[in-house]
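Chain IDs A, B, C and D follow the sequence of writing; residue 1 opens each chain.
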Amino acid sequence: MLEELKEKVLKANLDLVKNGLVILTWGNVSAIDREKGLVVIKPSGVSYASMKAEDMVVVDMEGNVVEGALRPSSDMPTHLVLYKRFPQIGGVVHTHSTYATAWAQACLPIPNIGTTHADTFHQAIPCTDEIPAEKLENSYEAYTGEKIADAFSNMNPLHTPAALACHHGPFTWGKTADEAVYNAVVLEEVAKMAYISKMLNPKLEMNPDLIEKHYNRKHGANAYYGQIKK
Amino acid sequence: MLEELKEKVLKANLDLVKNGLVILTWGNVSAIDREKGLVVIKPSGVSYASMKAEDMVVVDMEGNVVEGALRPSSDMPTHLVLYKRFPQIGGVVHTHSTYATAWAQACLPIPNIGTTHADTFHQAIPCTDEIPAEKLENSYEAYTGEKIADAFSNMNPLHTPAALACHHGPFTWGKTADEAVYNAVVLEEVAKMAYISKMLNPKLEMNPDLIEKHYNRKHGANAYYGQIKK
Amino acid sequence: MLEELKEKVLKANLDLVKNGLVILTWGNVSAIDREKGLVVIKPSGVSYASMKAEDMVVVDMEGNVVEGALRPSSDMPTHLVLYKRFPQIGGVVHTHSTYATAWAQACLPIPNIGTTHADTFHQAIPCTDEIPAEKLENSYEAYTGEKIADAFSNMNPLHTPAALACHHGPFTWGKTADEAVYNAVVLEEVAKMAYISKMLNPKLEMNPDLIEKHYNRKHGANAYYGQIKK
Amino acid sequence: MLEELKEKVLKANLDLVKNGLVILTWGNVSAIDREKGLVVIKPSGVSYASMKAEDMVVVDMEGNVVEGALRPSSDMPTHLVLYKRFPQIGGVVHTHSTYATAWAQACLPIPNIGTTHADTFHQAIPCTDEIPAEKLENSYEAYTGEKIADAFSNMNPLHTPAALACHHGPFTWGKTADEAVYNAVVLEEVAKMAYISKMLNPKLEMNPDLIEKHYNRKHGANAYYGQIKK
C-alpha cells in the first residue's frame, strides 16, 4: 500500500540526517496521498540507521493507523492538522535543528532580514504563542497544528512554508516531502544567519521592496532564477 | 572478570568520541555491577584510539583497584559517590563537551526552556556551588560527587539524569552506560540551544505544564512517544 | 568555445562547496576572457553534484548568452558590472557563506581588526547602502554591482578584493577565478573571527600601522611572506 | 641534516590541519636542536598537501638559512626569540585558529575559568599590548616574541605554554613540537569555551584554589591524572 510514497518518505527522513538537521531520533517527515486521504509518516522513536520503507506508518485523516506494525510519530496529529488546513501542501517536516529550535525556545519569529531568507520565505517565520495549560492534556499536538495554521490567516503557506512552535521547534512543509526537507535546510541556515546578524545589530530591518524583489525573482510570475521548468 | 561489562564500557567511551563530545583524552564512562559491588571505568589519560576492553579498570566501592594494570580515571571517586547516592543508576559519564562545560564554567544551571530539554530532562540541569578551598586538598573528586547528589535532594536523578560541576563540567548518568552516553549527547545539544536562546531573549521561561506534557509523553505512565517496550 | 576557461570556472564553483561556503545551489563563480570580451559563468539554480564544464554559460559584456543551453546565474549582471568597473580583475565569486552574509544582513562593514584580515584585505570590507526601491524593478543586479564599485572610489579593488551587498551577501574577486575563491574562503573566516571579537570587545580597533605592516609583508614591494615567484 | 627532526616538524605541521586549527597556509611549527643550536621550521606560504620533510628549512639562532631551498616561515624571528628567552622549550606553534585568534583580535587575555583550562594552563593566557608603530618597521616579528616573553617575567612558560599576540593570534610551545601542537589544540578549545561562558556570564572568575588543584593533579609533584611515566 502506497509503496512509492513510503520510499519517498523514508528517503526524506534520511535526508534530514544527511543535512545535519537531526540527531538521535529527533525529527519526522510525512507525505499525503490526497486522493486516498492517507498520510505516510515515520514511526516514533525508531533509529534512522535501521529504518526501512516498510516501517513507515499509514494513517487516515483522523489519525487511525491503516497499515504498519509500528506507532506513528507522536507529532502525527500536528502533521494531520497542517494537511487539513493547508490543502495545497503534500509534505510536512518537523525537526529540532539547532538554530531554528533556539529561536522557537526564545518564542521569537525569525525576521526576514536578508535575501537568503527572502529567496525561499516571503515573510518572517511566525512563532506561535505559548499553548495554554488547558490545551496540553488531550489535544496538544493537534492544537499545535491549529495555532500554526492560525498564524497563516493572512499569509500564503506555500510562500512562507515554515513556522515555529513556541518552546518546541520548527515545522516546514511543501508541495512534496522533498520540498519540505529543502525548506527545513534553508530554515536552519537562515535561523543561524539571523541569529548572528541580530547579535551584530539588534535593530535590524529590511526594505520590504527588496524582499519582494528577491522572492519574486525566484517565485513570481516573471521569475528568472533557475532554469525554465519544462 | 566482568568481561562483558568491560566491552560495554569500552564501547560507551568510544561513543563519546563518535558523538563529538570528547577530544584528546577528556572524558570517561563507567558502569557498575550492583551484585558484585564493582565498577568498571576507563583508565586515566589513555588515548581512545589504542584503548582495549582489557585496559578498563575494575575498582571496588572504596576505589581500590581490583583488576587492571592501569590507573583508573582521576574522576573515579565522583563516579563512586554517584553510584552510592543514586542506587537506581548503572552508568556514569563525564565529559568536557563544549557548551555544557561553558555553562558549568559560568556556574549557571541550564534552564528548561524547550521540549528538546523536557523530553529527556524533567527539570533544569542543576549546577553545584563552588567547592570551598578546604575541600580541595584530599577529597575533591568525592566531594564533587556529594555536591551533585545533594542537588537532587528534591529531584529524581533518573528523571533529570545530568548535573554540572561548577567551573568543571557535566556529569550524566542512566540505568546503563549506554543511557548515560545518550544523556550526554542530549545535554550537549540542549546546552547549545539554551545558549543561543538566551542570547536571543535573556528573559526566558517555559510554561511548567508544557514541561510536564513533554516529559510525560515520553516517560510518564501513559507515554506515547516511541514504540511499546516488549 | 573557451573550453579551458569553462573547466576553470567549473572547478572554482565546486571549490566553493568543498570549502563549505555554499549549500544547495547558493553561490556562483565567473571568469572573464578580456581579449574576447566574454564571461563564463555558472548556470542558475543547477545542482553542483551534476554540473559539467559544458553547462557553463558564455555571455558577452551586455549579458547576452553567446553559448550554452542553460540560463546564466541571476547574479550575472552584478558580475558584469564588476568586470567593467574593475579592469584589473579576472574572476568574481558570490556566495551566501554564513558569517559574511550575517554581516551583510546587519548592513555593517567587516572591520579590519586582525592580521588574518590584513594579510589578505588591506582595508575594512565595505558594505553597500540599502538599494532604493526605484532601483529594484529593472536593474537590481547591475545596480548592486555599481554600488559595490562605487565603494571603491578611493580603494584599490585588488588590495581589498571583497565587498558586502547590504541585506544580500558577499562578493569577492581576484586576478583569476581561483583567486576570487581563495578570497571568499578568507572572507568567511575573517567574518567569523570579527564577529566573535566584536562580541568579546565591542570597541575594537587596530593600529593602522600594523595593518600596513601585515598587508605589505605579504603584498608590498618588499614582501617576504611566501616563496619568491619565479 | 636533522632528518629526524624534519620528519617530526612536518608531522606536527600536518597535525595542525588534522585538528582543524589551520586553513590554507596559516600556521607554522618549529622545533629546536639545542645541542646544534639549529631550528627546523615550516617554509613560508607552502601548501600543506604537497609539503615534504625535505621542504623544512633549517635556520641558525640568528635566522640565517643553513639548509633548505625555500624561505622559512615569516614568523620565524618570533620562534627564535621564544627559544632564546625560554631555554626549557623544544617546539613552537603559531596558528590563526578561530577562537584563540578572536580573543587576540579583541586584545584580551583568556581568563582561567574552568578546569579544562587549568588542566593544561596554570594561569590566564596572557595577551601582549599593541606593538608601537616604531617597532613595526624592521624587527616586528622578533619584537612580538620579546613582548610575549616579557609577559612571562613572573610566570613559568612551561606551566602556561601559550600567549596571544594582540591583533595577531596565538603562539603555543612545549618541550617538543608535539607538545606545542597539543597545547594549540587545548588552547583553541578553551578559547571557545571561555567565549561562550563570558557571553553567558560576563563576571566570571574561578577560585584560585581550584585552579591549583586541577593544575597539580595533572602536573604537580603528586600528580595522579594519567598513567605513571616509566
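The rule is simple: contacts are C-beta pairs under 8 Å (C-beta built on N, C-alpha and C of every residue); 3 or more make two chains touch, one makes a residue touch a chain.
Bear in mind the structure is a predicted one, so any value in this text is a computation, not a measurement.
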item	value
Same-site or different-site touching of chain A by its copy chain B, using the half cut	different
Centroid comparison with chain A (C-alpha atoms), farthest chain	D
Where chain B and chain C are represented by their mean Cα positions, the distance between them in whole Å	46
Computed distance of Cα centres, chain D from chain C, in Å	33
Numbers and ranges of chain B residues touching at least 2 other chains	199
Pairs of chains, among all present, that meet the touch criterion	A-B, A-C, B-D, C-D
Chain C residues within the chain A interface of the complex	23-26, 43-46, 70-71, 74, 96, 98-99, 101-108, 130-131, 133, 136-137, 140, 167-169, 195, 198-199
Parts of chain D lying in touch with chain B, wherever the complex brings them together	113-116, 182, 185-186, 189, 192-194, 196-197, 199-201, 204, 206-207, 209-210, 212-213, 217, 224-228
